[in-house]
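In what comes next, chain A is part of two complexes: it sits with chain B in the first one and with chain C in the second one.
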Partner chain A sequence: MIKRIVVGAHYGLKDWLVQRVTAVVMALYSVFLIAILLVVKPADFEAWRAVFALGAVKFATFLFALSLFYHAWIGVRDIWMDYVQPVGIRLTLHVLTLLALTGYAGWAAAILWRL
Partner chain B sequence: MTDASTRKRPRNLDLPSLIFYRLPLPGKLSILHRVSGLGLFLLLGPLLWLFQLSVTSPEAFATFRELASCGVAKVIFAGLIWAFAHHFCAGIRFLFLDAHVGLEKESARNSAIAVFVVSILITVTLIWGILL
Partner chain C sequence: MTTRTVQFKIYRYDPDKDERPYMQDISVELDVKDRKLLDALTKLKAKDEGIAYRRSCREGVCGSDAMNINGKNGLACLIDIDTLKQPIILRPLPGLPVIRDLIVDMTQFFKQYHSIKPYLINNDPPPERERLQSPEEREELNGLYECILCACCSTSCPSFWWNPDKFVGPAGLLAAYRFLADTRDQATNERLDNLEDPYRLFRCHTIMNCVDVCPKGLNPTQAIGKIKDMMLARAV
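What follows is the complex of A and B.
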């Protein structure tokens, strides 16, 4: 059994809420994107690119990406906290996760704003 | 003596217990929510790279199509589609549980069954529509 003592740090409620808000953002985006793709039916590169180059879709895709990275941070951090007990390895995993997700956020912005 | 009703709940299981315990269906759903989430996280980098290829130039798009159409990629995509569908459906169920909807043992079990059925249907539909 895992003995994770929940103490008075206040980040728990905020993370709990952020996890759910970002989930709703991603769920709505997924449904809308699938609907758009079903309507537009992009058949080639130009049509596919045009979907994401559209201002509203670009904006929404960026929000989706940020939601995803924040959501992933909370979820993956919880996984490391629960299953990785050695402090050194856990800290390394936390740092690598955070670095990767921060990099992804910049990368996603770069991809979208080059369109 | 402890019986089921007086034992301390909820319990957080470590990895060996997760493998040896016979989890009830909502427990299987829950651990698969974690497994699918971790899998999606681990493949975020390659996915971003593929997305970049697909929107950058006609040549890059051709590379993207070639990469995405090989057998290994299709198997990975099939796994990702299942992971996404399961994480999506199980996540919506958790939102209802957060709102205290369907907390009773019977309805929690039924909604878990619904999640497995719907997510597999979504997986099959998307694999059929995109990959094949």
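What follows is the complex of A and C.
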């Protein structure tokens, strides 16, 4: 194959937008969690667990975790795109990153609903 | 300012003679009339005629004498020599192949510029007189058309350093928005299609090095943001 530069993947807007939306979600969650902790002031494990047993906290924390992982996917993918030039290695790294983040998402959900 | 001696450290590389680039220490006597860095370079060239750099208009219009001056890209003809810390370190624009000394190969830069079709596309038959714009429509082109393509911005952009073959770069994207913003242009959709790409446009992570160095005071980051806004408006 003759080596030519090919561009024009016709995506990118969605990822750019998602990165901004997830950043807002994470920022709001940080304020929300700090506010809750300031009000409740959980002193021991049982108190912590009681906070996270609340439906609203579970809901928000789950959204936070998903936002974090989606945000991280775009950020880490951009790093691979910048610094790893061979397509095969880059694809491998993309897949490994996706698999790891998907696993983390499941793990985070399992931890949340165990509380 | 009277007669004074100015110290320089200049990047030298002649691929025909030198195995690798080196920094040359050199000083030059300047008199009262020498105010800009380019004046000093002219005197340096008289002292050591081997020093190679590009220059033309000497007044910030042609964009030929862009170089890295004490770590920051700029035009030698616009920079007041007495504001620079000595020794003044001159290097070629970063990220582009060096042809010799301070002269870089701009092929990649212009390839990206051409890739955005930097000309008006309008398939209507030309009117008897000019294609009119309202003053407000014309206003939007201010801060876009003034670019002189000196490459100070694109070569200060890390995204352009890593992917000069795929990322259009701030200069090219500023030019792209210049035609996207032009109400007389009819190729808006094609232009947006051409840029909707994780490399061509979305390598920009808004670090604003381009704005920091632009010798014409333009704002490519803002133009890039407006391109993204246009894409968003088209998609949602």
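Please note the rule applied: the second predicted complex is superposed on the first by the 105 of 115 C-alpha atoms of A that agree within 3 Å, B and C clash if a C-alpha of one lies under 4 Å from a C-alpha of the other, contacts with A are read in each partner's own complex, and residues count from 1 in each chain.
Just so we're on the same page, a residue touches a chain if its C-beta (ideal position, glycine included) is under 8 Å from a C-beta of that chain, and two chains touch if they have at least 3 such contacts.
Quick caveat: nothing in here was measured; it's all calculated off a predicted structure.
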After superposition on the shared chain, which partner residues are touched by A:Ser30: those of chain B (first), chain C (second), both, or neither? first
In the overlaid three-chain picture, which partner chain does A:Met81 touch, first (chain B) or second (chain C), both, or neither? second
Thinking of the overlay built on chain A, is A:Gly12 touched by chain B (first), by chain C (second), by both, or by neither? second
On the A-aligned overlay, A:Phe52 touches which partner chain: chain B = first, chain C = second, or both, or neither? first
Counting residues of chain A touched by each of chain B and chain C, the higher count belongs to B
Once the structures are superposed on A, label A:Leu66 by its partner contacts, choosing first (chain B), second (chain C), both or neither. neither
Note: overlapping chain A surface for chain B and chain C spans 82-83
The answer for chain C against chain A in the complex is residues 159, 162-163, 165-166, 193-194, 196-203, 205, 228, 231-232, 235
Please output the residues of chain A touching chain C within their complex, sorted ascending. 5, 7-17, 78, 81-83
Within their complex, chain B touches chain A through residues 11-15, 17, 34, 37-38, 40-41, 44-45, 48, 51-52, 54-58, 61, 88, 91-92, 95, 98
List of chain A residues in touch with chain B within their complex: 1-2, 4, 20, 23-24, 27, 30, 45, 48-49, 52, 68, 72, 75-76, 79, 82-83, 97, 100, 104, 107-108, 111, 114-115
